[in-house]
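Each chain gets a letter, A, B, C and D, in the order it is written, and its residues are counted from 1.
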Amino acid sequence: MTSADDTRTPAPVAPLLSGLDGRLPGLRTLYEDLHAHPELSFQEVRTAGVVAARLREQGWEVTEGVAGTGVVGVLTAGEGPVVLLRADMDGLPVKEETGLPYTSGRTAVGSDGEEVPVMHACGHDMHVTCLLGATAQLAANRKAWRGTVVAVFQPAEEVGGAPAMIEDGFRERFPRPEVCLGQHVAPAPVGFVGTRPGPLMAASDSLRVRLFGRGGHGSMPESTVDPVVLAAAVVLRLQTVVSREVGAAQAAVVTVGAIHGGTKENIIPDMVELKVNIRSTTPAVRERVLAAVERIIRAEAAASGAPREPEITELNSFPVTVNDHAATATVRSALVAALGEGRVFTLPRPLIGSEDFGAFGTALEVPSVFWHFGGADPALFAGLDPDALLEDGIPPTIPANHSALFAPLPGPAIEVGVTALLAAAAQWLTGTAEVNRRA
Amino acid sequence: MTSADDTRTPAPVAPLLSGLDGRLPGLRTLYEDLHAHPELSFQEVRTAGVVAARLREQGWEVTEGVAGTGVVGVLTAGEGPVVLLRADMDGLPVKEETGLPYTSGRTAVGSDGEEVPVMHACGHDMHVTCLLGATAQLAANRKAWRGTVVAVFQPAEEVGGAPAMIEDGFRERFPRPEVCLGQHVAPAPVGFVGTRPGPLMAASDSLRVRLFGRGGHGSMPESTVDPVVLAAAVVLRLQTVVSREVGAAQAAVVTVGAIHGGTKENIIPDMVELKVNIRSTTPAVRERVLAAVERIIRAEAAASGAPREPEITELNSFPVTVNDHAATATVRSALVAALGEGRVFTLPRPLIGSEDFGAFGTALEVPSVFWHFGGADPALFAGLDPDALLEDGIPPTIPANHSALFAPLPGPAIEVGVTALLAAAAQWLTGTAEVNRRA
Amino acid sequence: MTSADDTRTPAPVAPLLSGLDGRLPGLRTLYEDLHAHPELSFQEVRTAGVVAARLREQGWEVTEGVAGTGVVGVLTAGEGPVVLLRADMDGLPVKEETGLPYTSGRTAVGSDGEEVPVMHACGHDMHVTCLLGATAQLAANRKAWRGTVVAVFQPAEEVGGAPAMIEDGFRERFPRPEVCLGQHVAPAPVGFVGTRPGPLMAASDSLRVRLFGRGGHGSMPESTVDPVVLAAAVVLRLQTVVSREVGAAQAAVVTVGAIHGGTKENIIPDMVELKVNIRSTTPAVRERVLAAVERIIRAEAAASGAPREPEITELNSFPVTVNDHAATATVRSALVAALGEGRVFTLPRPLIGSEDFGAFGTALEVPSVFWHFGGADPALFAGLDPDALLEDGIPPTIPANHSALFAPLPGPAIEVGVTALLAAAAQWLTGTAEVNRRA
Amino acid sequence: MTSADDTRTPAPVAPLLSGLDGRLPGLRTLYEDLHAHPELSFQEVRTAGVVAARLREQGWEVTEGVAGTGVVGVLTAGEGPVVLLRADMDGLPVKEETGLPYTSGRTAVGSDGEEVPVMHACGHDMHVTCLLGATAQLAANRKAWRGTVVAVFQPAEEVGGAPAMIEDGFRERFPRPEVCLGQHVAPAPVGFVGTRPGPLMAASDSLRVRLFGRGGHGSMPESTVDPVVLAAAVVLRLQTVVSREVGAAQAAVVTVGAIHGGTKENIIPDMVELKVNIRSTTPAVRERVLAAVERIIRAEAAASGAPREPEITELNSFPVTVNDHAATATVRSALVAALGEGRVFTLPRPLIGSEDFGAFGTALEVPSVFWHFGGADPALFAGLDPDALLEDGIPPTIPANHSALFAPLPGPAIEVGVTALLAAAAQWLTGTAEVNRRA
């Protein structure tokens, strides 16, 4: 409840921040190195090596190779709550155009066997840097807190590395946390953070749909079932899912990103293949939208008299990232205390982007909290109304995640990112028993 | 088979035509009187009265009141074949704009209770006139033929008077013919006739379709099932029946002539109603098209998640008018003999107009032959290529049936119409036994 | 900014509430009387009479007949800020099904000349009651405040009575306020209020669209331009406005509430008429959606080769109801002080319903604030998660505005409504100079 | 006019047929050799070699290399009319499945660089065989006729070899004929031939259509113009061309044989490409359909607000194959005389298949006549109604042209094919002056 402001006294984060200033130049160098060496999902070998080495230097117990390239560090400071902090490590097949001194010029072989450029276009380099900064602070200030921290450096966020870590025995292999905390750098002004209780980021479900007809000569459609016409009817009808079956107060997106069928103009093919991506911001909407998509696909095939049921195959599925209400209030008050009231925003609605962070909280059956922190030059926002930004979102003139121009300002962003992680964690690691209990 | 020219010697029609010249002025007066007094379907009281009186004067045995306003005359000239000749009597709710001296200014109360203008816009007045001319000739030249003629003056061709006469016991009440003959005046040059073996005129099936949704406030479509969107999807998908399921060598038309749903812009209604008309030119195409229309309607309702199955109600149904191959060859040779080779055309394909004449042959299980005879001023066709006319059809500049300007040239058209009826009938009434047997 | 909690000390409302308890029974009787006597938009003669009489009894200066049935009261308590308080008065053409003792059984002649049932199905009776309660309190406690109150009893909110009052010289005839305040009873638990800075309620634009084709016989579509197919294409294509042109973070609805064309199944009509309602929650989205709707309608007519441009006529237009940020913070703190922190919610996003209240602030060029107050039995919400309610909205099981079952609990709702009006107004009428200045 | 039977006495073909019986076994061997050695379009090197050698042996003046692999023979028998006889030579990229002793097992490199199987699946081997039989008869019976014969062995009928020969100077290099004659083997019973005056075979036009949008992230369609939705709207709207803009008496087909756009489900692409094939059976319908297709494509792009006009590129174009009316009557009477009345059919309507033969008559500005002759085992037609065959077309159970099972019965088909060519040519080469003049 955004109206029920949290009045609990935030736990003191100051002791955990001790020495951070001196550490920032080194973190910036680390960031530039990571940025210059992006790796594709599940190929984060170099990154994982850097992470593991740093953690070991800091004194963490390190497990490598979780879900391939994942790294997990564990550090204990006596009896106390267990807190999970997570960063993701993978880059994207994007050709960097930032012109930065530490621009990536790397390429890699993608999942389809072709060589592609690689760029840290989603800021996961920043996430790794901030978490390594936080782990260093926690190790250096071990007396200032009690409990256990599990630092998760996850591979392959873009394609589902979090569930892969779960499937690789995460629950059995590492201490069970009381809360999972994570963050993402965003195209908001550096210095600001935003979050919200409840749904924060959208679910994403991807489907491959094969629509079957019966091919034949293009001049004799009457002896065929034309799958191109069927596909067109499906695509148009799918537009009604968002326009008619999702309320204005809810958000969903149904995109047919690819459509392929046929070879020659005068031959009606046997099949057309669609690739569909579906976003939704609450579990109820997700369920309704997925059901409507399937209902429409099957009914349109029936309308065409298709000789075979469509094949609907799940390509991947990310659930809604849901922030626990009580834990979010706890984190929010910590962020307010650490950054200042005016720098902590409650997002009015879920973002349409997706994230696999929620897999940890779901699988471990514990609350989780995720937040965004700004990485963009505040000068870019000069003259923009902050209220309108909250209402209308970031304008397209500001390079956003996945853009070839995405370039957080490392200096101040790293400081905010490390501080936010430590402030949030401190609520459990240094707070009173009351704070640590779920409401 | 158009290639298998009929080589049988036509029966001599000349004796049956004896005295026709003197009768023509009276027939023209009759035509003008009928034209000036059109009556709507099943309201042909005055017309039926004129018909019955004339037939009695001529010496025919007359039955009135068959299917309401139908009149049947029977005349026998000794032992011999029975031939059925049919004319239809009803006018249309059209406001005449011909400006003829005998223009109709009449109105009547239509089936929905409203007063409408009435016009003989489809030439049924010409059909009645020609058949009364033929019956007069047959009565006057009774020694020139042998057998029995059943002259049918049918009501309500526009809405299915032929099946109504069958249902009124036609088969039991009148002699069973060996052949049913009928004709229609057409916007072709007067003096010419056209027919074809096999399908001659299209089937017409009309449906009322009720598509059910679940209404609600226009701002909350997610709590409704929007029948307007469903109706739109149905209308667009129905286009694929003709474009994909009917071969280029076949012909069909699917028209949604009416669509009605809703009252206010911000209230989603519960139901949208469509009225659909379907034309097809062979029984196989008809069956396929009707099945496809129903398949699409039901599947689109499923695509919408409709709370109730659509209601599909037949409004009316006319089958394909099919000319018997052998009997058509027999009639064709008679028409060639009577009118000249160059004036008898074999139509390259069925016409898309519909006709209920076929109900007689179907119900009585005997062959039937229907033909068209021109009523239009040949001057209108000056400069047009007759081959192109056959290929492309009558140009829209020439007033066609159902037009407010439809105005056959009575003089010559009546002569051709009477002659054609007598020539065709003579093949059975004056020919040899061979001619009368089906091939 | 929801994060920037208002820290200004709320003005003391207590003196304005003095004597309210004793007034409540009379207000309840008034409410039941108004509920039993609903009147359609611009027909609020009896209601206006009751209002004017009460205001005069209370000592207000009363102007009647503003925009037909509107009533404006003015009361001054010395030098000070001017505050506008507004209530709307009209009922709806709905047949009441509440079964309450004071159920309306009234009918009236609607704008289309037909007799319709009338019901206060949107709670405007509650709005009038609460404002008359507030005006009574203000008059009775005139020493407790300074300034001038303009009490607006507006006709015809459902069809745009607010702009009608503006057009009737409101600006020139009455004191110009510093703030406009208004409220609406909602299907939320009684005792709770909700509002938000920025867009609160959606814009609503209604269009009549005439799509022109060229009619003809249903069996000859090639000589026509079929407006039914055109209309279907328009309806389906309009779905893409919301599905493709409105971001997930924004909200819009495009509903085709009515579609009408044609009479008979075998006649292709000349025209199909649509009625379209468009909701949008920010001015930018509104502009984009309206442009897209027009673009699609015109392009689809071009796709059909329509012989005439579509006719697009505005039926009515309500802008987005936008709450001034600073004034909303001011009101919010007053509501928190008067009702308790836990009873004042910040709505996470605009509501999709529309309201013409914004016309006052826009025309007078002053900030305005609107809020909702619950009227529903809290028992109906037992077991529901309040956070989920904010996220997902009121469940359809609870009778909402415009429902035939809409029935606020008068007792407690009136008390909350009067209190909220007085508390909000007190921020200007009893506060310090600082409070009264816009941030 | 099919009704105006030709009554001119056919020219005596008998002398031209002298010796044909003895030649048939050799023609059959030739046919089997050609069938076993099919070559793709414009690759007919071996076939052209066989043709040229045979023509030279027979005494014809031979030109090779016309349009690459085309061969033209000229033979003169004194002063007299010039007649062009044409056969096409190319095979198809089809894997033969006939199981015949002379089955093709050949492959070749197709136009896209890939190796493909090759088969004479369209009977062009039969056409070459029959024309070489006719040229042999003409050479052997040179005293039985007067005039000049131009025997054209055309390459690449499947992709437009006829216009290629015209462009290679055909008109200037060879005698200008008075008539062009050609034939095609068809899946009709061997022994039967069919033709019709006017349009005989359909025009075929192929287009590549590029629909441009503006790509972007699949979760943010509002910042894109989605070309997948645009393509779907185009495909569905194109269905209305045939369903609404082509009369039931006319024939056209619009097929979208290929649709391709996008790569990933969550990336909206910039472009979708369609390949469209359009069939039409009269020049007027062709023009209307092509215009409607372009109109719809452009308007739908406008409906989407596309950032760039669609690109519409012609891939290939074959005109309607039109038989001259008078020359067709002349040929028909010759075929009737040579084969018997009952074996010569007038096709009721144009076929939807296409042919480039018309390019000769059009370019040379002389009448042309094309006919089909049956190649199928009559046993396959046992029990089928010949009238229904004319009305409904060849049933799909009988292997048709382009099928991997297409296998004319060589023996009787060759005799009919040679006889038909000679009989038709004889009308000009042995007839009276009257016959040779156009009506």
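Here is the rule we go by: contacts are C-beta pairs under 8 Å (C-beta built on N, C-alpha and C of every residue); 3 or more make two chains touch, one makes a residue touch a chain.
Each chain and its UniProt protein: A, B, C, D = Amidohydrolase.
It should be emphasised that the depicted structure is a prediction, and the values quoted were computed from it without experimental measurement.
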Per Cα centroids, the chain farthest from chain C (Amidohydrolase): D
Selected pair, greater C-beta contact count between C-D and B-D: B-D
Rounded Å distance, chain B (Amidohydrolase) centre to chain C (Amidohydrolase) centre (Cα mean): 59
Whole-Å separation of chain centres (CA-atom averages), chain B (Amidohydrolase) against chain D (Amidohydrolase): 39
For chain C (Amidohydrolase) paired with chain D (Amidohydrolase), centre-to-centre distance based on mean C-alpha positions, whole Å: 70
Residues of chain D (Amidohydrolase) whose C-beta touches two or more other chains: 202, 219-221, 223, 226, 229, 233, 236, 239-240, 243-244, 247-248, 250, 253, 279, 352
Partner chain C (Amidohydrolase), residues of chain B (Amidohydrolase) touching it in the complex: 202, 204, 206-208, 217-221, 223, 226, 228-229, 231-236, 239, 253, 255-269, 272, 275-277, 279, 315, 352-354, 396, 402
Residues of chain A (Amidohydrolase) that touch chain C (Amidohydrolase) when the two form their complex: 1-5, 196-199, 202, 236, 238-244, 247-254, 279, 281-282, 284, 325, 341-342, 344-346, 348-349, 351-352, 386-388, 390-393
Chain A (Amidohydrolase) - residues contacting chain B (Amidohydrolase), complex: 219-224, 226, 229, 233, 236-237, 240, 243-248, 250, 292, 295-296, 298-300, 302-305
